[in-house]
Amino acid sequence: MDFELMFTSFPKLLGATIVTLKLLSVSLFFGLFIGLLFAILRLNKNIFINQFAYGYSYLFRGTPLLVQIFIIYFGLGQIEYLRSTFLWVILKEPYWCAIIAFTLNTGAYTSEILRSAFQTIKPGIIEAGKSLGISSKIIFYKIQIPIAIRQSLPAYGNEIILMMKGTSLASTVTLMDLTGVAKYIISTTFKPIEVFIVAGGIYLFMTFIIHNVIKYLEKKYSF
Amino acid sequence: MELLAFGKTGWGDELFYATLMTIAVSVTAMFIGFFFALIFTPLKLSKYKSLNLIGNFYTTVIRGVPELLVIYLFFFGGSGAIMYVASIFGYFEYIEINAFITGSMAIGIISGAYSTEVFRGAIQSIDKGQFEAAKVLGVSKFVQFYKIILPQMLRLAIPNLSNVWQITLKDTSLISVTGLVEIMRQSYIAAGSTRDPLFFYSFAAVLYLLLTYLSMKLINRLEARYSRGY
Amino acid sequence: MNIFKKTILTVLASLLVIGNVYADTIKIGTEGAYPPWNSKDASGNLIGFEVELAQELCAIMKAECTIVEQDWDGMIPALLMRKFDAIMAGMSITAERQKTITFSQGYADEVASLAVMKGSSLEGMDTPEGVNLTLGGSSVKKALKTITGALAGKTVCTQTGTIHQNFLESGDVGSVNVRTYKTQDEVNLDLTSGRCDVALAAAVAFTDYADKSGKPVVLVGPTFSGGAFGNGVGVGIRQGGDDAIGKRDAKLLKDFNKAIDKARKQGIISKLAIKHFGFDASM
């Protein structure tokens, strides 16, 4: 067991963790809004709207994240027309391509989580609100959303962890995140086990933190 | 469209075989996962703290570390580890584990961690009364488990196992790094050769959607069959 | 339990496919994705300068050879794991690599060059035609300064784990925004799509790509050799040792060196080089 290697690679891996965290937080931030939007669209009575939302979620949950990243990075990069528009400034950068892919992906899963949370709110609560004369809009914002958020915490916590693992795919499009740097070190030192322990350890630590934060939030907002 | 033709000029036949390979790896990995789950679920449910630790270690590590990293570990370290074990027995020649086994094992270990959680949850939600009734019947522990508890566990587990199947199916796209020619790898080769990544990766997405759709249909049938009588 | 044990043992046994019957068969690993050194034809067969050279060398050594495909980033690990016995994949002889494996004498020179798309601001860089980093000198220093200025703030792309990547990260051209890719093909793709301002690889790799794809890729700056770029391309072989395998590897090294000498004398290497590179790149 090459402890020296583990020691020297730790700071490099820690630096790369910043990239991972950046990718994770930006994707989750935008993904949450998209997820909320599509959850609402899914519950809409209009069949075209809710089928469209269903299609989006089916597409992004039914295909591997790797395929999604490759289509956005390599596929869109191939289209000559796109290269001449202002969009190219964004799509040129692998960082933004990855963010777009991750955001759309987490948006789909989040929309499912929120949708099922909305659907399990006891109708009695909404009726109670209506009987008090509160408008539908306020019921939605002040009653349904908070309850849905509380209901989805466990599942969303899972989603955060899944997304954190998903960011490792950024390494397939030249981004040097934690997994990218780990792979580089493995391929130059030929010591996969040592590097895996350190890099894996960092991921596990992040998982541990996320898990406990969610548990804390669950306790704090329980009723 | 001619790009998809079967035969020498088109990629249709290569992609078809790649799809079969994806299915083969997913199924193999799923079963390897069950094998691991059958070992680690009892460990997690055991009354001995040390066994619990081993079980929890497995599920926590595998579910908390990115699949890509696990696959790299397997790919770069797997052969070496097996050869190390073999050298203890005095065998020094090169041992080649073919890519299919390596890939299936890597995904299988990952799939197993999720399956373990599913089985554990399923067993824990079976009414305690069933366990007691089974004991009272006076049959051997073996029969108790296989004929009474297991069927109930499977019924409860099937919805969640279908999730594990979806995850396993999509994770196979990651073993393109081992050189195994499944859907992702074949699309990569075709895209490189024809310089048309958009077409081939989009088609790969279509193939995965097709597999997902067919899986759903099959699993719904399975669910219906196992829920007979409830 | 008995049936159980038997099934486990049978499963384990069937997992092991024992390959590499050493004897007179030499397995040679190549990438198959670095034209014109090595690549694949439409049917997937390995072709290229090194594939043909390998066949010639094996004929001289009177040994049977099989050529195996291997992804670049797993090339040295695969050699160490004895997936094959020799590497002929456009791999340059560098001090870094010699820490883990040994090389035969060089059989061809691989000069590197920067490349851009036609019309780039880097065209017409004022540098000497060739720069040898081992020889050094004031003209080399001046050239490196010009290049540092030209590359500042630009995105430079190259293949992972190559001498080209080492050079870019060595600091000889200041701090550059380096992007690394799994294959040369991906480098070419991102260069043509504009994601990369400039790329670094073997000069012939770019000219080959420009020819085959018709895209306006042009070489800029000097051709690089020496220093981080190593001393030519050689056959990578495991380092010898005292055990049975170590002795076989040491013998293999000797045989390859003798074969390369003969091939050079007979003009075989020059002939193949001209055929694939358009000029005599032999050493």
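What to note about this one:
We just call them A, B and C in the order they show up, numbering each chain from 1.
Note that in this section contacts are C-beta pairs under 8 Å (C-beta built on N, C-alpha and C of every residue); 3 or more make two chains touch, one makes a residue touch a chain.
It should be emphasised that the depicted structure is a prediction, and the values quoted were computed from it without experimental measurement.
Comparing mean CA positions across the assembly, the chain most remote from chain A is C. Of all chain pairs in this entry, the one linked by the most C-beta contacts is A-B. Averaged C-alpha coordinates put the centre of chain A at 39 Å from the centre of chain C.
Per-chain CA centroids place chain A at a distance of 23 Å from chain B. Separating the CA-averaged centres of chain B and chain C is a span of 36 Å.
Shown for chain A are the residues in touch with two or more other chains, namely 74, 77-78, 183, 187, 190.
Counting partner chains per residue, chain B has residues 76, 80, 195, 197 touching two or more of them. Residue positions of chain C touching 2 or more other chains: 74, 77, 189.
Across the complex, chain B is touched by residues 15-20, 42-43, 71, 74, 77, 81-83, 183, 185, 189, 213, 243-245 of chain C. By the touch criterion given at the top, residues 60-61, 63-69, 72-73, 76-77, 80, 166, 170-171, 173-174, 176, 184, 191, 195-198, 201-202, 204-205, 208-209, 212-213 of chain B touch chain A in their complex. Listed in rising order, the residues of chain A touching chain B in the complex are 58-59, 61-68, 70-71, 74-79, 161, 164-169, 171, 179, 182-183, 186-187, 190, 192-193, 196, 199-200, 203-204, 207-208. On the side of chain C, the complex with chain A involves touching residues 73-74, 76-77, 80, 100, 160-161, 179-181, 189-190, 193-195. The touching residues of chain A, when paired with chain C in their complex, are 74, 77-78, 83, 88, 92, 94, 174, 183-184, 187-188, 190.
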